[in-house]
């Protein structure tokens, strides 16, 4: 994946996220974008928590999903229609309730039809990851014309 | 898994869910409980939707997760501390925005330390499943004494 | 998936397997084929075993993989080039060393580009499954012309 | 996982593999061992191939499985009984038929009961990975005595 070139930078990705995912865009921030690698933040608030003082599973899934999506968009440009087809998640440690979650998504394959990523999710300030995810996105065919 | 016997019925499970997951218990309802099989409903509202008129990925994950948890609890009794360790999800069809999601979780293994389930998620009224999930739960060791 | 119609029966599938997978075709047999469901046998021999008297992980993976492939071919006709893109496996019980493995693959989605299946693997004679798998196959585009 | 210390080096792991997995030990070699990271080689021969000039899926699964096992053993010492409980695999590129496979397994969690790894599989000489895997191993309880 040596010839990879960024199509969108962090600012452009944040603007695009705000346009297409109004409902959740405030929760997320694209922190850093490199070819085939993106770092995303989930601003953890009350609604992301579970009793026992931890961040909920759906919140961790949601962050991993968005991070893999943004890592894909960064390389192919804005395509709102890319959809997740497969995800595998390992929950390894309990995240802290009073810390944001940080995800690093690494794009391992970018084909015409599919992108495949590996995502590590961290509780900000902890050294070891709280979860890992593998994500596959289906990329919509380019419009002809 | 022939000797399996229910430890909790649908009413008891709904009461327990309300105690331990106040924040989301209104979203879910245990519809039916049989040995090693549970049917759960997600009442889809505005907060579960995504632009384009579909239910969000985290909502589908959350339902599959809760369904596998409840299928486990039904057989081992109320243990709030069981935690998801692994999940694999295939998103196969687009759910309808104006229909609840219905999940059927089938318990395939119930060991001392782990339970393993297969979950099918349906958009109510559609014949084919919108997602499948496999879920592993770690069961906390019984307290001694 | 109501309109599904079989394109190949068990005999045709066994002949096709023998043509395209000479090296391993003797190991496998298509036992039964129904619309969207296939039952496959792995004839367990010395080479499939592991010390401790059990069937190896790669043998279980191989059976699940072939079962999902055959379930797909049964519906789309002979296409040797379909390739596995994703697989998730839960190993739940130890298979017996002196029994064949039987897999039942159920096709949950058959799109133009992808098929998605759920597979249960049994040690012949045991009531509970030894493994479950979810398999995604990429279907090669139809040749035009 | 800062306090991690190696319990076995590459030579010790190769000797142990030969003792417990006689049938397949010649196929594999532990190339390099570091705390929480192992590099393994699969010596690709005729039996690992598929028509079309590529390495079979079960061979790739087998290598990822062994690499995660060895990464775990390197940290906990020789325990032949550790068993795979879950595996997720993405097949991303076609391996070359005339090249060995090289896997790098990175241990992300080492608990008392479970180890969780991420594995990348390469066709020797290709820059991009042919497959990624996540593997969970159940660690047998220490004998009391």
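We just call them A, B, C and D in the order they show up, numbering each chain from 1.
The definition used in the following text is that a contact is a pair of C-beta atoms (placed from the backbone, for glycine too) under 8 Å apart; a residue touches a chain by one contact, two chains touch by 3 or more.
Since we're looking at a predicted model, the values are computed, not measured.
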Problem - Contacts common to chain C and chain D (chain labels) - result: A, B
Practice task
Using the touch definition up top, find the fewest steps from chain B to chain C.
Solution key: 1
Completion exercise
Greatest centre-to-centre gap (Cα means) from chain B is with chain D
Completion exercise
Distance in whole angstrom between the CA centres of chain A and chain B is 24
Handout entry: Whole-Å gap separating chain A and chain D, where each centre is the average of the chain's CA atoms
Key = 28
Exercise for the section: Report, in whole Å, the distance between the mean C-alpha point of chain B and the mean C-alpha point of chain D. Expected result: 33
Problem - Multi-partner residues of chain D (at least 2 other chains) - result: 85-86, 88, 90, 92, 136
Fill in the blank from the handout: Residue set of chain D touching chain C in the complex reads 20-23, 47, 49-52, 56-59, 61-62, 65, 80, 83-92
Completion exercise
As the complex stands, chain A meets chain C at residues 85-86, 88, 113-114, 136, 138
Practice task
Would you tell me which residues of chain D are touching chain A in their complex?
Solution key: 1-2, 88, 90, 92-93, 108-109, 116, 118, 120, 127-129, 132, 134, 136
